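Same chain, two partners: chain A is paired with chain B first, then with chain C.
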Partner chain A sequence: MAEVKKNEEPRIGVFVCHCGTNIAGSIDVKAVMEYARTLPNVAIADDYQYMCSTPGQNKIAEAIAEQKLTGVVVAACSPRLHEPTFRNATKAGGLNPFRFEMANIREQNSWVHMHQPEEATAKAKDAVRIAVAKASLLEDLVPKSVPVEKAAMVVGGGVGGMQAALDLANAGIKTYLVEKSPTIGGRMSQLDKTFPTLDCSQCILTPKMVDVYRNEGIELLTYTEVEQVEGYIGNFDVTLRKKARGVITPAEAEARGIVGGGCTGCGDCVDVCPVIKPNPFELGMAPRKAIYIYHPQVSPLIFTVDFDACVKCGLCVEACGEKKAVDLEMKDELMTVKVGTVVLALGYDIFPIEKKFEWGYKNYDNVITSLEFERLICASGPTGGHLIRPSDGETPKRVAFVLCAGSRDSTGVGKPYCSRFCCMYSLKHAHQIIEKIPGVVPYIFYMDIRSFGKMYEEFYYRIQDEGAKFIRGRVANILEDPVTKNLHVNAEDTLLGRPIDMEVDLVVLAAAIQPSAETEKTRRLFGVSCSQDGWLLEAHPKLNPCGTTTAGVYLAGVCQGPKDIPDTVAQAEGAASAASIPIHRGEVELEPYFAQCMEEKCAGCGLCVNQCPYGALALVEKDGRTVMQVTEAKCKGCGTCGGFCPGGAIWMQHFATPQIVAQIDAFLLGGEQ
Partner chain B sequence: MADENWKPKIIAIICNWCSYAGADLAGGARIQYPPDIRAIRVMCTGRIDPLFILKAFQDGADGVLVSGCHFGDCHYLEGNFKAAKRMFLLKSVLKNIGLDDKRLRMTFVSASEGAKWGSVMEDVVKTINELGPSPLKEFAR
Partner chain C sequence: MAVKKDYKDQQLAEKLRDRKYYIPDSNPEFIKDVEKIGQTAAHMCYQCGTCTGSCPSAPRSSYRIRLFMRKAVLGLEEECLTDPDLWLCTTCYSCTDRCPRNLAPTDAIMAMRNLAFKRDIIPRNFLQTVQLIYKSGHGVPNNDANRAARKKLGLEEEPETTLKYPEYLPGIRKILDHYRLKENADRILAEGE
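Showing the complex of A and B:
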């Protein structure tokens, strides 16, 4: 059990960083350093241009040895950035790394008080005084190592999730790939061609889908959702809900003792099913039955019963015959798997663009979204690849593409961010109609064309040469001619500086994207933060784009922010690599911020036990009385118990009551009154 | 108010995962706000013993800010919720001892809300400036 070492005279070294002019630009670093020398317990104070540099770190190590320091304070940037650096420097000097405390005088001082040098310097002095007070009471702590389960989970079976799962499995890690819909493939399987190479989307995706299905290291769990998450890095217990599919696989049939049974994907059940529903994969533009597959290339090729629509007539059961694959009494099943790390690849949804009522989507027949365009132009789509006007089935000759539809929108209705791939797919759409429809003219209404990737700008030039017309201006509104169902696109041509009213046959809205519907629920289960627009928050935007603030949980693809297929796949490979590291190392170190019971003070009331969200605390009998006991492996170090204990009997390591009170006192009672 | 040179002494106890990160983000974005608040970092607002806050007032603090994650966003599931309940009760204690409960404030600022952190700082300093020095100041120490 930890105790304050009373016999130890604290000797603290204070190091103030200039950070170039980042800090020194508004704080008098020398004055702060001189001030530190006057503080109680400070044995040495020094300043340096860049404390994080090798000479800066060496200063710390040398001072520890020379001055026999018991604690180190660095006044520099945020501990969220450089605490690990300086802990290592402290360790290098021969001191326990947890005898280090950081005073944040950059992010929370020099950068936010740039024009108030006096006040900023005073605040920096206070920050150093507070840090010294805490450092004087810090104690040796030892991180706890825990073993890591040699298995990973990927949530989301789009192209990003598939890539992450393949990489993990090929690295020898058992991987669970969880997908909510009946098939893997995600958004990419709805696309016709991909920019700028014009590869057929399905043609390059289906080999990956087959790889995933055949890979022995991947346990593919389609039509399955995450229900509950417990545990921490290395030891996540994830409860999954396998939704009732109504159809069993050959393997499941064998388990039930049906020889040669299970779904073979023949489709006999579909032919007899009397219920017709819109197919969500075709965005409602084509029908499906109550027993269905999304499209011919689904993986796994197993039919699914839509129990919301099924009338349980039993015709499919008869049609299936001896295979006995259809089970209309099937119920949801819960299963729990243990994994070491998790990759979230939750994807995106299309922003409901009807909210921008001025463009008339869902009001006018001939205003469609670009995802609907993808299905209409796709050979496997509802029209066999013939682009038609929904109002009359005619082939359009004048097609307007409205870019930034709901993106880069500061009205509060749409999204403020750039959805990043709409420019490029709209250029691709223009190419596709020029290729397929003789005499067609695509009109592209744009704000800026953002063709930032490899070979993207060249593709833009190519589409210009092919005859697409570009009009720089945001579309104000779209009006429908009630007789012809043609559309009048009203915009300002900002290059010519005049308003235009253009009559077209079809309007395609390049609608913004937003986090998928499951993102909010799933991120909360895994304790992952999100940014203001709902995209999941990476641990660091530049230096840790795949990690999250929850150790062991990583991000891949659009759920972290809009990105195209190459970027999604690249990030998925990064996330898989990051997720494999703890598994291959076999153990992870947990920060030793554990609660400890000071048994002589503990009255055994047990109030703390209910405060702990992790069940880490329990009452035990010890030496004839009841005291609380902490299970360190379960304790995550929030300190909620320590904030509640009426007897002050809980010692919260590194955030102990005397340490925090010392900080409060140092600020309010120390220094100039 | 008494002293023309009086500057408020305000202490903020904020959680590592949301509000501290949000404050760092405000710094990265160079959002400027009044320099009257000193922050102490804890892992979770659930760690905050109400006695810490009473101690701060006893030490003469003019205001105390507690800031954590939004409900449902807590890194430790529900620490912020427990903290909010404690602060709610503590406010009534403050009122009972004759201290204006506006001197204690709890806010919820996420890791992505740098601008919000800036406006919270503005607002807290404004409130405390309006209230003036804490009546407990003269008894401090």
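Showing the complex of A and C:
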């Protein structure tokens, strides 16, 4: 139970950092330091070139010992950068680390007021005065350790999610791999070849799919979605919806007492099914039945019933016979698993490029997207690998590739970012048609060729050598010849400075990518932020690219921003490593910013209980009275309850009302008591 | 500055003229003026060529709107304002519709025309159009062939404009007078005689 402690007479040490010229360039550091000496409770004030350096930190520790300080203020950069550093220095001096307060005079002052030195100095004095007021009232706090569940969850079964799950499982951690579609493999399984090595995509992916399926540490949950998330790092309770698949696995059959039953993937059911639907794996370019698998290499090899299409004629049940694998009455099931950490690998979708109507996608037959091209050029695709014009099935001899189709577009229709892998896969596409179609000429309309990866520039060199024609100009519009269904690509060859009208047989749009449809819902469940364009926000773009601001949740692959396969796999390995650290340590420390109930003031009204966004509060009986109790591990210290309590009975540790009032007073009264 | 060599032969001098771009050739205020008048962030152009690819004038002339954008960014005021191609834009706004940077190249061109007109740089046919509008309210006034065609189509000979209602012509003249458009057109045309 916390209470307002009668502190011994506060003795505060103030340290003002120059940060080279970052701060001292516009703020008079000496004047701020001299000013600090005049403030009440300040025992010592000092300044130093770089407070974060070892000598700077030593100054803090020494002053604590010599001056018997009760609190420390450092006026420097953002607490997001160096608060941990100075807390450690405070601790090294023998003081509780939560008796440290930081005044940000760089990001929020010297950098933004670069050309107003006088005003900046005055503002820095204000910031120091406010920090001293709070530091005078700071208390000892002890972080809470909570145990970490020795299990992890990976959401998304593409190549990134698979890699993260394999790494976690191979590190000895029980891993749940959750995938919304009936098979793992993701986008990569739709691709024909990969750049720059020209490996067959499926050939390098399927061994990984098999590894995932066979790995005893991985519990593979396909056709499953995340329904609800509760808890915090170390103790997430995740509710999953196992969608009704209509088909049971051999293991499920055994549980039902059907000996030797369950789906073996034989496909007898498909032959008899009378319902035909487009196959989304083939982007609607090939049919599938109402009972289906996406492609022959799916993992797990279990059929799925599309209940939106199924007419429940029962022919599949008959065809399945004694295996009794088909259950047309199956219902969705909810299951809850407990995990310590989570990796999100939610992937991407293709931007609906028909919105850029000047290129005529979905209007002209022979304008296709690059993902459709992948399926058409793939030997296991709908045409057996023969690239054809959709209008007449002919082999195209002149193919235009439109780069930046919807990417680098600030109109509000397309996407402002670079989708990052379109240049390289379009080069690969050019290679593939040169290889397969004698006499074909690929024309690549580009603004910049971004071939920045390892062996990528060499790949560009190779494709140019193979005969691809590069035209430096963005495509203005495409018109269709209504008779021949040929396309006229209009652009400017900006290097010639001449407009061109190029008649081609087929146009391939390298469409922009966007976060997958489920990203928004899933990120909200896990409390992860996103940037303006919907990609999930990493904790730090350079120094913590796999973490998020929600402890225990990590990111892998394109859901964090456009990435090619090598980058996705690398980030997945990073995320898996990061996600395994708390699990292997066995416990995590939570910052002690918990709400505390001051029981003598609490009327037990319970109004706060419903306000709490984290379900951390409850009413309990204590000494014959009803009072509120906080589950500290669930409390995030948001302060909602503390601000709301009508009796002022909730004490927000480290952000207590007297501390905040002291800060406001210090600001408004200008230091006069 | 461009290096000048003293060739006796003027043709040779022109042929071998120093065509490098020198910083003093640039007027950094030019792009600011264009942006202020045109109300578009012309300096954000990334030279993709969508504008020229969309332009109905480009295939049949040497007009390259992308190059005007480029020269504006570089502050090449003289080159922009003295280039007769500046007046070949039909203001169809196709480039503005399609510009991926959401710029309005058409409005940048209109801004440059404004700046050129301030320096009396303007083709005579544009000035003659000003005179025609002042006279009739129309850039292309009605004529006998048109009247006959209209009659054949069962329309009145004069359209529902100042041609039919000449009492509204003073209003149009008032606008032109307010901007001293007619006065300047007359003066520039007279000076060029």
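Methods note: the second predicted complex is superposed on the first by the 664 of 673 C-alpha atoms of A that agree within 3 Å, B and C clash if a C-alpha of one lies under 4 Å from a C-alpha of the other, contacts with A are read in each partner's own complex, and residues count from 1 in each chain.
Here is the rule we use: a residue touches a chain if its C-beta (ideal position, glycine included) is under 8 Å from a C-beta of that chain, and two chains touch if they have at least 3 such contacts.
Just so we're clear, the structure is a prediction, and the values are computed from it rather than from any experiment.
In the superposition on chain A, A:G414 makes contact with chain C only, while chain B stays out of contact range.
Look at A:L668: by the touch rule set out above, it reaches chain B but stays clear of chain C.
When both complexes are overlaid on chain A, the residue A:P442 reaches neither chain B nor chain C.
The partner of chain A that touches more of its residues, comparing chain B with chain C, is B. If you check the complex, the residues on chain A that touch chain B are 78-81, 104, 106-109, 111-116, 119-120, 122-123, 126-127, 130, 524, 527, 529-532, 537, 549-550, 593, 611, 613, 636-640, 642-644, 648, 652, 655, 657, 660-661, 663-665, 667-669. Interface residues of chain A, counted against chain C in their complex, comprise 358, 404, 408-412, 414, 447, 472-477, 490-494, 497, 499-501. Those residues of chain B that touch chain A in the shared complex are 9, 11, 13, 16-18, 20-21, 23-24, 26-28, 30-33, 35-36, 38-44, 46-50, 52, 55-56, 59-61, 69, 72-73, 75-79, 82-83, 86, 110-113, 118, 140-141.
Interface of chain C with chain A (complex): residues 46-55, 58-59, 64, 66-67, 94, 98-102.
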